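Would you mind keeping the following structure in view while I ask a few things?
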């Protein structure tokens, strides 16, 4: 156990910092209108292209597939430094970089790999994910989007939901049911759907924060060549889960770093909020909660490093990801409560805190609602932790 | 001692609930986000006597008590009826046209520095309350910026960098009464929000199936719903007690009873709103499902007529006096 | 809705106060050694005798059975005033007064009533309860203490747990299984067991607070005449539940009143605890939590009155009792946390708070652990509220 | 950067766990409530080098680091080993006989007014820490009353109305180090308590059947257990980081890393103790089941070497500096 970084790791960090400090001054801020997904795509893929040219694209992809082949620790450093430097986030490249790409590396044919991998790294192709359905929710494997076998093609009809950036994506990693009679996990197939195929209708989903990246996809007899299938027919559940082997405990690194920035800002807000006799900072209860949250974020940063170390040693992380997510959601929700208490009536609008802060604490408060829902609700995470980590018996889900 | 609602009170609640269902259905309510306050419907609400409920009959009011107002405001909160409902009721008899809905009145506490005025864009008159009294300003005279994205889409807010003094319409005692009654009415709205969010969540938990059964059969969801209704029932006791106490039919001082209700309301309504989102899973975070509207309204009301956390600090002083 | 008391109710209160102020000065304090149950029995039954003589015994029992036949509101006033005045608690008379007695009133034969009711009211007979078993816990109806039919007698063998005051009781309301083959709720019988019957062994159960009132009972072929059966054979589950019809929302009145006293004392402790610069009372966070708890106790007092009013109007309370208990447990646990924070190292021993208080806040802190366990765990209460009050479907228990 | 335990560290933890299982089984531990500290077993513990772990080999110690001490103290906490373990380790090399267990040392922070001294009845020497330094007093010289019913039956306490000055055995810097290391070791004990309480609860949840199945199959119990292990894992990361940081192998300042660990420890251990009681239902409240012992020890440790709530307040200052 040694939490210090090795010379190689520090060298990697220094190089990255040097590069970031060179390029970031010329990177424009995010497009102001966050509902303009075309602009967002252009912005994010420009940044992806810059990463590619500097050798940072596919940081965790094996070198033979065009990635950098970095260690989990270097991956951690990359995410930490880019976030601290205020570099653009992965954005529209999220699915391609972190999910579809790794799945293709593990499971696709050589032809499929050569078609798709390089364009993902270069920011040429944007991918989206067609997994969730209105009826399936936490019970993903119950999905009912149907693929009819029609010679060389599948003909796909159904509805998908929570497909981020579907509006501007080129490809979709899609799960379809190819055998309606098999047990639910055994009749699913993983296919690549070109987003320009006829029969795809996309409707944006507005959230509690208003318009954004999410969409529903209505698929009406969309014809997808069987050559776009990845893995065997009816083996899609396994194919989907193979990406978990790529999980290295790095999923929330940017979040932890940005949460620390948010918390420091809340402390600063506390010194600016006037109360009867002084400021909110004079309130020991508020200072105590700030201190507790600071401690918990610090511990979560340690837990992240521990998960990453485990991935580095063993090649995988266990249910440590679920543990992290449960704890992180709790911290962020308490930060949101504290923000509410501090802002008072300055919290009545999104984006105007009566000059108490430049950060959007009200928007962040709404965002925290997703942390116990998206990517596996906390209820599902607790089932996972209880059953896989503690070995408790399965009951009702 | 009788804590049960009278038959008349039950009938009143049912009447208001029916009115809301018919005229403040959620589609009509949501339309006001774009179209602004529907003054026609506002007038209809006024016509039923909602705003003049506690005004003496001699003054053109209904002559009922604050207990009845609590029951009515619970229903208004439950239906997410938008607009400055509390201010309208407080201003009835004080500002011409408030009771009949022809003048839309909103209110804001005076603060140092910039202020956020709810409903400024919908209102004709703004009443500013401070320690010295109540002050009236035409809404049009309030220079400021209407927020692009108010926290609650149905509670527009305007940022005013410096509130004007305004014309005095009430003395310090009137301002005290304004705040006390406003606090009780807001707590009653919160009660309705907590109850409405609970109903919405429970309804969804009965219908939505996952893993082959309604999600409400799973303890994780069932127990969350149980916690929601627990908060609602405790809050309801506190709000009804506050209403009765304002009518002189209580045990405590009105100040204490109202503080208790508002403190409970501020935590219960927001917690039920959050739980309602969570029970709905991903759908709970969509604009389309009403869960976020309950939560946002709960947050907005917590900031009006005394924040729960500040009132709690004040209440504690009574423990050592 | 009128929360004021009627003239009759105020008259009842005045009379009671007058009586209490007359007799309480001569009532000694509780026996110091709380492990001496014989002394406790004598103390509690003495007080019961005094209540009887003053006409306050069986306050909620019908007059025809020797009770006072008071309304639920008078019952509330009685419990409120006795607690405020610091009168003895019901103690060893708990089961007789509040559970076995009402059950006998509703279900027993005339002969059984005439044998048992008056001695309960006069403090002559002490009853205990033999319901829970080590194996049954939350699933009470799964009890396995077996009664073999042997002519005029049942011969009972099994083990009971959590039998308060078994050591000093005269009778036990006992649930036994008379039909092992029937569905679990259908094979239970309610019998009166004389505690001097041969074959009863009693072992005290110590709790986290040390020695106290609880015991286990080991029953080895205890012979109980069938004439001691109350209700029909195999109908004991219904008989047991009939006492719920006597529930008038009064169960926690003494607790709410004494909690208010505890909270006021905690506030006083806060003014005595020295911190770096001043006292704990200067800490806004602590004042805020005190205020919140004060508000919540006040609301619970209102909820109690609401439940009692409902009982007065309709003759019964619904799941309001479960709602109350869930909320009350939460408040008391938060009070315990606050006490811990205030006492600091003065909380290292039970019964010595380094002169910060005369009350035993450390013992109370341990006591609060029972509030989510005893008389139906919070998990079971949430099932009840979810299913009976909200109509959610039954799932796994 | 490597956060994983080395093979040696894993072996060390396993060794201490085995020692505890053999010599500090729960019956032997519980016997000390009546019989007092078992000095034989205490000596055996000392002999394995537990107290002299971080003492240099030249000074007769084992010469390992604070990261190793964290791992060892986790196991001691998990086994509910009683006695002034932290003081023994801090005093090794400072007070004759502390390291080999022949002198039992306890410690108390100096306070205004009366003090509660843990383990006074079991100790030979009491070390008082204050801002000026460390002060030693023979335990027998401390006049006071041993509590009849200490909160934790295995942590006897003596009430001392006025602590004597004592003989100085360390300066202000030594007192700072004493507190810092003591805080980390206490947090490590808390980690073990949290982990031990979780294991006990999970084991019971797998075995105890109600309504025809193990209670751990019910979400209410399963999710509670999941929350317990979540706290444990987060705390473990913080405690190991604090240990490594005290050895100069960390990223932060030792003061910050140790504060973080102690703050997390104080809430996690007590919460796991309470949950362990709750999972056991009625049995959890009995003296016979160990659940209450975990909870009580957790409460006691929160009060030693910096209460979580006070440390949190101090940590916050760093956010605005």
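Note that the chains are named A, B, C and D in the order they appear, and that numbering of residues resets to 1 at the start of each chain.
Going forward, contacts are C-beta pairs under 8 Å (C-beta built on N, C-alpha and C of every residue); 3 or more make two chains touch, one makes a residue touch a chain.
Predicted, not measured: the structure shown is a model, and the values here were computed from it.
Removing chain A from consideration leaves the other chains connected by touching as one piece.
Of all the chains, the one whose CA centre sits at the greatest distance from that of chain B is D.
Mean C-alpha position of chain B lies 39 Å from that of chain C.
Each chain gets a centre from the mean of its Cα atoms; for chain B and chain D, those two points are 50 Å apart. For the pair chain A and chain C, the distance between C-alpha centroids works out to 52 Å.
For chain A, the set of residues that touch two or more other chains comprises 284, 288-289, 379, 382, 395-396. Residues of chain D in contact with two or more other chains: 213, 217-221, 223, 309. Arrangement of the chains shown, judged by which pairs touch: all-to-all, with no pair of chains left without contact. By the touch criterion stated above, chain D contacts chain B in their complex at residues 218-220, 223. Chain D makes touch with chain C in their complex at residues 111-116, 118, 145, 147-151, 155, 157, 159, 208, 210-211, 213, 217-221, 274, 277-278, 281-282, 284-288, 292, 295-296, 299-300, 302-303, 307, 309.
Those residues of chain C whose C-beta lies close enough to touch chain A in the complex are 282-286, 288-289, 395-396. Within the complex formed with chain D, the chain C residues making contact are 132, 137-139, 142, 161-162, 205-208, 210, 274, 340-341, 344-352, 354-355, 362, 366, 369-370, 372-374, 377-379, 382, 396-397.
Touching chain B in their complex are the following residues of chain C: 1-6, 9, 73, 76, 263-264, 267-268, 270-271, 281, 284, 287-292, 294-296, 298-300, 302-303, 305-306, 308-310, 312-313, 320, 323, 326-327, 379, 381-383, 385-387, 389-396.
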